[in-house]
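Think of it as A, B, C and D in the order they're written, each chain with its own count starting at 1.
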Amino acid sequence: MIIVLKREATQGEIDHIVKKVEQLGLRSMISRGVERTIIGVIGDEAIVRSQPLEVYPGVERVIPVLAPYKLASREYKKEDSVIPLSPTVSIGGRKIIMFAGPCSVESKELLMSVGRTVKEAGAEVLRGGAFKPRSSPYDFQGLGEEGLRYLREVADETGLLVVTELMDPRDTELVERYADVIQIGARNIQNFNLLKEVGNSKKPVFLKRGMMATVREFLLSAEYIISHGNPNVILCERGIRTFETATRFTLDLNAVPLIKRLSHLPVVVDPSHGTGKYNLVGPMAKAAVACGADGLMIEVHPNPEEAFSDGEQSLLPRKFKELMSELAPIAASVGRTI
Amino acid sequence: MIIVLKREATQGEIDHIVKKVEQLGLRSMISRGVERTIIGVIGDEAIVRSQPLEVYPGVERVIPVLAPYKLASREYKKEDSVIPLSPTVSIGGRKIIMFAGPCSVESKELLMSVGRTVKEAGAEVLRGGAFKPRSSPYDFQGLGEEGLRYLREVADETGLLVVTELMDPRDTELVERYADVIQIGARNIQNFNLLKEVGNSKKPVFLKRGMMATVREFLLSAEYIISHGNPNVILCERGIRTFETATRFTLDLNAVPLIKRLSHLPVVVDPSHGTGKYNLVGPMAKAAVACGADGLMIEVHPNPEEAFSDGEQSLLPRKFKELMSELAPIAASVGRTI
Amino acid sequence: MIIVLKREATQGEIDHIVKKVEQLGLRSMISRGVERTIIGVIGDEAIVRSQPLEVYPGVERVIPVLAPYKLASREYKKEDSVIPLSPTVSIGGRKIIMFAGPCSVESKELLMSVGRTVKEAGAEVLRGGAFKPRSSPYDFQGLGEEGLRYLREVADETGLLVVTELMDPRDTELVERYADVIQIGARNIQNFNLLKEVGNSKKPVFLKRGMMATVREFLLSAEYIISHGNPNVILCERGIRTFETATRFTLDLNAVPLIKRLSHLPVVVDPSHGTGKYNLVGPMAKAAVACGADGLMIEVHPNPEEAFSDGEQSLLPRKFKELMSELAPIAASVGRTI
Amino acid sequence: MIIVLKREATQGEIDHIVKKVEQLGLRSMISRGVERTIIGVIGDEAIVRSQPLEVYPGVERVIPVLAPYKLASREYKKEDSVIPLSPTVSIGGRKIIMFAGPCSVESKELLMSVGRTVKEAGAEVLRGGAFKPRSSPYDFQGLGEEGLRYLREVADETGLLVVTELMDPRDTELVERYADVIQIGARNIQNFNLLKEVGNSKKPVFLKRGMMATVREFLLSAEYIISHGNPNVILCERGIRTFETATRFTLDLNAVPLIKRLSHLPVVVDPSHGTGKYNLVGPMAKAAVACGADGLMIEVHPNPEEAFSDGEQSLLPRKFKELMSELAPIAASVGRTI
């Protein structure tokens, strides 16, 4: 932690700060420049971080030196985390993992038809929402437990795994019962009690970046989960909110190589939510693979005209198959399989 | 709802859309321009809104005509909502209501000292967090029920009311037991199950705008609460996230007069969180009153150097008193009291 | 300047950096913490700022300590700058200065009619664009020199001063001939050659914040002008671009008290462009005065239905008069006149 | 153009609008819905666009139907524009074109060394700034004409073409004399006089997206150039400004496939400026190729530690060569060469 003092800071003010630092069990080092004096605080930064040093008289600015997350950081763990989703499937290794399925679970028939196609095309995990976060109270809110049951049945019959969203801490056991991977949605990225809840789960967590979350906050939310005991966190970039309205969100692919440097956790990209437009899904999926994504989450629906939600960003099963074959050579170009 | 067709849309595609519209029990009206054909959909827009019309062949763009919220809209209710917080205090009328207190509840002594001062200075509601949403798992997370109890005791002794944050649907009854007004924090603006929960409560809800929520989404979240049975929603602008990093957030005062036109609900401004800097709190509080805010929420702490959270944006009790006296003539200038 | 090293930085890397710092004529001070070593660079920060120290082996991050602007800073000049616009009118003192008029100069008659009303209502400066920056090549581009002539004639007849935009360095002398204050528009905030040009002018400069400019960049653009010899810079907040689309821009009033702390220059607010909606102009004008603005720029048009540009954000002359009388008590509340 | 009326709009207000529309030589079509009446305006939308219809009594909202740009649109020209840069090199076809070189021209020796390497590695165009837009007046501002001369000499000797930035309309002839392609920088995206100037040039224009420009505004700026007579516009995505500060900008790759749908113009991606970090340049360059970019602009410097500007985002010549060989199979995967 570095404390930059105001130009006019007095010796009394400096002494006051140094004393406070010592009371916290830390050491300080004073450096007098031409225009400013700076105090370096040496010791565990976590201790100082929660102190409102900015309000001390004479202080102009406080600059943290370390990232506020530890367990999620590449510094803490040098090698990539490879997270098992089942005895045979894991993410974070050489193989790029595909999560595919409809936005919402609508009926068992539809889910089965999508499940069969995506499995055949090479997907490993079936996605589908049983609990749907919808910005309007008048929109379809999901089938609830019935939807979870369909997901499990279709996955078991087709040889897929299940990822589905948990929205409410009271549903944790229910979702755990049906899902292989628990998804935390973008709108719950800072629902800290929900993060603690899945931090206590044995199931891997699929954590979607909030539309307003910085990469730093995204990794802090992962830290919540890991620090509560669950190291199996998969990060998913799904678009941030910017001034641009021509796309639903701005899919931030920069986050992929950036997070791979800052953290050891696997990174998945969701170009369906990230762009909101089915005809941008293919190009952005390719781009995601090219820049190092460990997986993709893609919405597939046999009849987008009739989808209960997000029809405008879903691929037809046929288009999903085509995309899979187009992704293979790009994956190979960056030393991966798909 | 207006459907703009692609230049090259065929008659068959137009017929297909018209048929779909009729199946939904609505009427359509076709208008052929020089460069585009447009289909106006007449009838209940809520029915069409959830249809993914954008994926229909021939469709270029779908434009909703009405706002997606109803009960929260000024159109639904012309006159300002005046919301009772207690038998003697209400918000939305001529008097500007002050919500003041520390960021977190830290101890009963401290809370009592702050409570006494803010009451004396003219505040009606004591704020203080018992459950704290903190972006780092290593930061102070609040005193929980103990904090709620202190809030109630201090409020009762000083003649204040209590507003405090509910973060978890499992704590609803607990918070209701102690609080007069239930706060939903910015990070939970789209925690829809929590919104439904307080929609079933008898207590007024203090809903903070998410740092990434558009005014439209903010009003949709209010709609969730109202449509579940609780009409007593107080909206609070507390800063949005922008590219500017010199302030913690960008307090968006434009939202005050804008929401007053779009909705009948009262609007409070929180310049403490909105700016993150104690020396900007005063000027922005004045500006909020000048542009029509119905209330202010302000953080007050007797010793910001020792605050457990947000010390850098808290006012000293003495400064809060000064601010109150500076606000009075501005309130008078816009026909209000404080 | 503070250089934070990577955890694994070697002694050789540290020596390499220290040597570089010494070659620049500066001193370095090494501070070894538990997790990181930090090098403080002592001496003129401007020298180090342009060095790409981030690419040196072993370096994790480089943190500047000082603001990159000097002449524009409050540290350089403690007291408020009071800038003379004419022998009798100046800005930055107790009196709040009003800049009012139509968006574009359309005809002499119209300008005269607006000029008379705003003068009568208490405005000091007539605004109006002769050269218009329009995002579409098919929109009205301004009357050019004819417009400048009308501005001068109306100002002289009514006793107002003239502020008008300079868009092209080739027009500098022309605009100087007619205007009392030269406006640099938001889209030219980083048109550095234009900034240098007005830095050589004897006329005061009215510099509008770019819709994407941070406060730091805004002050750096002012620094360009001052460092080229013209200290008379008036800063104007006119709305930034954010994710919110309900208003044309997000008028950032936080910038007013923030800039007043960081800089000695006067700050004007333009709620017409900042909100893009005539019914938000009044409330935001009041808020601007309440939070410390030194002036306001407001668009006035007698017949917004027929305006060549920005009709939707113009006030009727009658409404402008009303606003002036509503602003007076707010100005008085903050110790100002208008 | 669609005009949505207020719920309470009167027949008199409707008649007033219809009359105005007819005076403009257009037709209107009234559609009365359950909650709103809508007026469709039929005829040339450009005529209505500049009318401030929003201020007419009874009007709630005005919605344009068509994009405001024409000549730049895919609708105007179905097939991709292939733009000749020289008799033998063109962009927009099957071959992906590489623009590479240092940020600034610093010396002839350095430029020659970079030029030789990038040519050898497969680049077609040498980049380098002779006039530098720098946010601080105290930073290196470029070598001016001397820099232009070096660019030309190195290009001629190595068999490359030259792209370089024009910042000032007064330098147009000078830059045209030395450059094959004229660059308009991000900060000048709405410097409309400069756009008109290059609209009159015979040389192709390399137009960089502003950090705050929507795709719509970006295409409108291209429209300025084309409508003044120069159809040879190359668009360059180089990062937008968002709330994320971990990268210098947020490179918006979504814009690539989106613009390819909306426009016939070629799209280049600049991952050096777009990310501001040399270790993200490679992954994002690969992603750009994968999602359909027609070219890449990449900063290369033999000694980033000594670069006069942007050293932290420059690749070493050796790394540029490696990248070129890594890009080749990705280009092949999407049916392109490089």
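The working rule: a contact is a pair of C-beta atoms (placed from the backbone, for glycine too) under 8 Å apart; a residue touches a chain by one contact, two chains touch by 3 or more.
Since the structure is predicted, the reported quantities are computational estimates derived from the model, not experimental observations.
S.K.: Where chain A and chain D touch, do the two copies share over half of their residue numbers, giving same, or under half, giving different?
M.R.: Answer same: the two copies use largely identical residue numbers here.
S.K.: By how many degrees does chain A turn when fitted onto chain B using C-alpha atoms, rounded in steps of 5?
M.R.: About 180 degrees of rotation relates the two copies.
S.K.: Could you tell me the distance, in whole angstrom, between the mean C-alpha positions of chain A and chain B?
M.R.: One centre to the other, that is 26 Å.
S.K.: Distance from the CA centroid of chain B to that of chain C, rounded to the nearest Å?
M.R.: It comes to 31 Å between the two C-alpha centres.
S.K.: Please compute the C-alpha centroid of chain A, do the same for chain C, then give the distance between them in whole Å.
M.R.: Here chain A and chain C have centroids separated by 39 Å.
S.K.: Residue numbers in chain D touching 2 or more other chains?
M.R.: 212, 241-243, 245
S.K.: Looking at the complex, which residues from chain C come into contact with chain B?
M.R.: Contacts found on chain C: 212, 214-216, 240, 242-247, 250-258, 261, 274-275, 277, 279-280, 283-284, 286-292, 326, 329-330, 332-334.
S.K.: With touch defined as at the start, can you tell me which chain C residues reach chain D in the complex?
M.R.: Result: residues 20, 46, 49-50, 52, 54-56, 68-69, 133-141, 167-170, 187-188, 190-193, 210-212, 217, 220-221, 223-224, 227-228, 241, 278, 304-305, 307-312, 314 of chain C touch chain D.
S.K.: Sort out for me which residues of chain D touch chain B in the complex.
M.R.: The contact residues of chain D facing chain B are 2, 4, 7, 29, 31-36, 38, 40, 42-45, 63, 65-66, 75, 241-243, 245.
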